[in-house]
Amino acid sequence: MYEVVAFYLFSGLTIGLFLVTVMSKNILYAMTSLAAGMVLISGFFFILGADFLGVVQLIAYVGAVMALYSFAMMFFDATRDIKEKNTNSALVFLLGGLSALVLVLMFAAPIHSDAITALYPMHEGVGNAQDVGIVLFTKYLIPFEVAALMLLVAMIAGIILAGKKMDQSLTEDMSADEILIQKDEK
Amino acid sequence: MMENLVYIALFAPLVSSLFSALFGMSKRQTFVGVIASTLLFISFLASATLASHIVSTGTPIHVTMMDWISAGDLSIPFGFLVDQVSVTMMTVVTLVSTVVHIYSIGYMDHDKSFNRFFSYLSAFVFSMMILVMSDNFAGLFIGWEGVGVCSWLLIGFWYHKADVSREENPSISPSWAANEAFIVNRIADLGMLVGLFILYWNTGSLQYDVVFETLPSLSGSVLNAAAIFLFIGAMGKSAQFPLHTWLTDAMEGPTPVSALIHAATMVTAGVFLVIRANPLFGMEEVAGVSYFIAALGTFVAFFAASMALVNRDLKRIIAFSTLSQLGYMFAAAGLGAYWIALFHLAAHAFFKALLFLGAGNVMHAMHDELDIFKMGGLKKVMRPTYIYMGLASLALAGIPFFAGFFSKDAIIETAWNEGTLVLWAILVITAGMTAFYSFRQVFLTFEGDERYKAFDIHPHEMYKFVLIAMSPLALLAVVAGFGMGSFEHFVTTLLPEYHMSEHTHHIAWLLGLVVLVVAVGGIAYAYKKYAKGLKRDEALENSFIYQLLANQYYIPQFYEAFITKPYAMLSEILWKEVDMKIVDATVDGIAKLLYKSGDGARRMQSGNLSNYLNWMAVGAVLLLLVAAFSAMLG
Amino acid sequence: MIGLSHYLIVSALIFSIGLVGVLRRRNLLMLFFATEVMLNAVNIAFAAISHYYNDLTGQMFAFFIIAIAASEVAVGLGILIVLYKKHGTLDLDDLAKMRG
Amino acid sequence: MDNILSILVFFPAIAGLLGFIVDKESARVYGITVAAIEFLLSIWLWVSFDASNAGMQFVEMIPLIPDFGVSYYLGVDGISLFILIMAALMTLIGMISMSITENIKNMIITLLFLEMTMMGVFVALDAIIFYLFWELSLVPMLYIIGAWGGNLRIYASVKFFLYTFAGSLIMLVGMLFVAYIYHNLTGVWSFAITDWYALVLPVEYQLWLFGAFFFGFAIKVPMFPFHTWLPYAHGQAPTIGSVILAAVLLKMGTYGFVRFSLPMFPDASVMMITPIAVISIIMIIYTAMVAYAQKDIKQVIAYSSVSHMGIIMLGIFAMNAEGISGSVFQMLSHGIVSGALFMLVGMIYDRRHTKMLDEFGGLAAVMPKYAVIFGIMLMASVGLPLTIGFVGEFLVLLGFYQISPVMTLLAGTSIIIGAIYMLTIYKRTFFGPVTNEANKVLKDLTPTETWSLIPLVAIVIWLGVYPKPVLEPIDNSVKAMLEFMDEKAITKEAKELIIVAKSNQGGA
């Protein structure tokens, strides 16, 4: 029973929060609601018994990713409202609505095939983290390593991209070209 | 020995043609004509020897030279068969050809394309020899088309003449007439080809002997179809209605050509085909077709004679008369009297060639003037020609003891004998008309007042040697009829015999008398009307019937208005409207559509990431929809 | 009782919200947020499927998605910063340099 | 000389590469020499060809991609042998009579490459190799039309290229599908045509595949309504381009039908007889009428080509040895005759720089030799007996009569309307008085021109009088093919319609 309550609660909150993310003009609001939504999503994971995933979600998303966004925001002027020309909004909502409709219809349809056998079944009495660990380090070892490498590459890339010309002020009204010109003149 | 003679008879004209062709582009050389004539004479001698051999032994000579086409089960050799029928044709063809060749040396004397002329003329004889000598239908078709091409070349011999309006010259121009002849013949040739196909697929061969042996085992409808299509072929070559218009237009060619091709030999090829294929046409099952042939022949005999009555063109009158006589031959062949048809063919070849050559003399004398209304009184300067043409006309009119009397009378008698009284009546009337127009022409040309003087023409007689060369034809035109009995005996070893019934036999003298009276009546009327001089009757010349006949029943105009012009128009429409605007435009349209859609799609590449995302979403949603629908359906 | 379909529907809805965001937004940073939303929606679906079919594969995929999302953010934000330095804006309409 | 076929294919290409270092002045002589050697090689091939053997000869096979069964597989039989020789001959004669002077070196090299592709198409026994040469042949021709053509050359060459290319892509899909089925059935990949022959396909597959191949071949032939690229290509191409296009490239399409469609899909072929015959008859009559309306001599001959190709198509679907042998023979005949006609038109164009009928008239008096040779070719074109044109046309019509008398009658009108347009252009060009002042001073054929045409005239008459040396090997191969088709056919209709020659039953 509590599962039902939790599900609907989380669902409602998540959808609401994400709507704020998508609709808000203020980056700060958007980011905050996004972070909150992600926390709630980890709630889904806990309900679904994917404890480890939930934890990773909290750490990686809410912790790392959102932290990154916060830092990034500091480079931009986040206090101002974003001025956007949100044209074609009819088309946007039509497409969004349509895709939602179709997806919902598809997922709401009863699933016929029961004959799906688990490739890597969960084990009774074994903790989720343990289970995940076993599969991750046996069957998915190579993807896992590749992912690790990818993260490393991404990290370096992020540092290099963001770290260029950190000595220059970004708040002055100067375009990058002008900055470069100034630099050349020195 | 005899085989060699066959080859000599066949190839001497070819050698002659090739030899003349060597000098085709150089200036006139008399020796070319002499050598060509000599070679033709050799061919004639060989044919005559073969004829006497066949007469004495009665066994046909059959030689196979080499394979021609063999594919699948079809095997066509170059094989030649010299039997009673073909040897008759060979002798007639080579004899007339030799005379015409010698005649041409004189007639074409002043033409700068003298050598070329002999090349064409000999090539024609070669083709004609193949036509008559072949032992199979395909070989016949080679000759059939070969004579067509030579006729095209020779009709259009004076190709440099410009096109003029139909009122000025009913044949427009030699090259126009040549093309008309070729194309009309091609129409008939298609029929003939189909006839060959029918025979091949039903008998498995195109050899005469195999085909004729197999015929009795075939169904009636096949036989009828074969007979009809073969006869369509014959109709074209022999210019039967409605494919007759080319023959009179073919008179644009030099006169020796008209004499050889359009009177004596080529146009009789159709008759020859029917005679050759007599085992087919004589069958019970195809009696209907044969009767149609006879009826059509009779109709053409009358139809052509009617047009000859009023024509003013010397050569065209003879051409119409040729047409009319071909009708007689078909009537005989259709009624089953093949040997009579063949006999009339031979006799007609002699006197009609003579008539044409005589007309050539007149033309030569009159500086190519052909209007008989502008002649008259020529007998003073051209007595030998007058005699020749007179003899030939007597033969044509069927006056007793001339060649035409025997053969034409036999045909008319046959019509009576078969009980086809309507045909008989028409043929008798036509005989009268024939006599009238023949002598109308002779009298207008040679008798009466000398109208040519008004046009400042100074006629002169033809060269002596030419006149001498014509003498064999004149002789034959007079005496050929006496060989009828032996001829019958000779050819009926191969052709079916045809005897008059007792009853007909008894009243034969009466029938002959009727024809004679009608013919003499025709001559007498012509004499009365024209011998003293030309008195033109405006009222008559303006009457509807006269105009109708003078304009050939408006058939050429009809063809032009309803076939030639619509064809050209349709072609133009097909090209400009259909091909350019529909077929090609569709292709270009597809290309343009692709180009335009590319141009339109280019706008999607706005460079704005947001737009791209929109398009991506559109695509994704579409894919989702497809997935959803296919899931629902499948 | 909550079944697989419920989760999937929630996932679909969240995904569509993300889609709307992606389509609607002109600010690159906001676009990033929207893509995060979409990624998370998919993660929910994976986890749910994993749960209901008793199979770990779904979770594995979710892990990798998180890893990819993290990399994406790292690189993407780096690029955003460079862009901002260069153009002083993150608005897509102003960045339309690819126009052909 | 076991690998004579490889030599035949690659000798021109290698010579073409070497051509780059040849001096510009001697390029023409070089090209003619190479083409002559190539022609002699092809004659040598004929001499050593065993006419009584109906199968593939001089076979060469080198696996290229063994995993997918692609191999370098060449061979020649009676059907392809003579097309090969004709291609070599027409290239040689086209080069001799060529009047182009600008960029002559490039032209020679292009022609030699073109010759390679033509040879390749006709000897390839592997579908991939066949397709390779098939597509490659477009490139030199595109270049010839696009670089040396008339005013609309870019439009014409692009149209030619894209149109035929689109068709052959569909054919490629068909080929891949056949290979796929072959793999499914046998477990190994093979693109060898001889292996594909052995496939017995369900009728439904046959129909689809027939359709796929049909597009590739039909556009090349070109069949109505895919023919509109041809008048443009011919109209704009230089003489040499038209000669090769008409003589050889068009034959690729009909050859494809004989080589692929008939033996691989006998049932589908039989089922498609009526539609194809209808299209062919439309081709024959319609394009002949369109030809009659043309104002440009070259366009007349271009449209007449389409009309004659209709006869060839009809013969291929006669399903008996008479028709198919006739059809293959007609390919040779049309190649030589239309090639010669295009050369003749090119010669008058060189003199007057116009091809418009209205500009001419009375040429027979000014250029008698030209008129004579044109006349002979014209007569061959309208199918006069004892010229090369008759044998094929006669056999085709004879063969097709077995299928349908009525359609044969309709197709037979070709001999009438063919004569109509041909005689009309002849009359308008050569007969009548010389009206145009410019025509009065025209020179007759030069010795080079005469001697490049004399061999063609000789062939036209030789093969008209004695076609046996050529017809016999063709006929043997065709009979063998028909017998094979008859055995392979699965539907009753096909078995009934395919006529195995009596002389071949139980034999070969």
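For clarity, chains are labelled A, B, C and D in written order, and residue numbers in each chain start from 1.
Note that in this section a residue touches a chain if its C-beta (ideal position, glycine included) is under 8 Å from a C-beta of that chain, and two chains touch if they have at least 3 such contacts.
Because the structure is predicted, anything quoted here is derived from the model rather than measured.
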Top chain pair, ranked by number of contacting C-beta pairs: A-C
Length of the line joining the C-alpha centres of chain B and chain D, rounded to whole Å: 37
Centroid distance [mean C-alpha coordinates] between chain B and chain A, Å: 97
Rounded Å distance, chain A centre to chain D centre (Cα mean): 66
Where chain A and chain C are represented by their mean Cα positions, the distance between them in whole Å: 6
Numbers and ranges of chain A residues touching at least 2 other chains: 88, 91-92, 95, 99, 103, 106
Multi-partner residues of chain D (each touching 2 or more other chains): none
In chain B, residues with contacts to at least two other chains: 614, 617
Those chain pairs that satisfy the touch definition: A-B, A-C, B-C, B-D
Chain B to chain C touching residues, read off their complex: 602, 605-610, 613-614, 617
Sites on chain C touched by chain A in the complex: 1-2, 4-21, 23-27, 29-30, 32-34, 36-37, 40, 43-44, 47-48, 50-51, 53-57, 59-60, 62-64, 66-75, 77-82, 84-88, 90-91, 93
Complex contacts: residues of chain B adjacent to chain A: 614, 617-618, 620-621, 624-625, 627-628, 631
In the complex, chain A residues that touch chain B: 88, 91-92, 95, 98-99, 102-103, 105-106, 109
Chain B partner contacts - residues on chain D that touch it in the complex: 159, 162-163, 224-229, 286, 289-290, 292-294, 320-323, 325-326, 329, 362, 364-365, 368-369, 372, 379, 382, 384-386, 390-391, 394-395, 397-399, 401-402, 405, 408-409, 412-413, 415-416, 419-420, 423-424, 427, 430-434, 465-468, 471-472, 474-475, 478-479, 499, 501-503
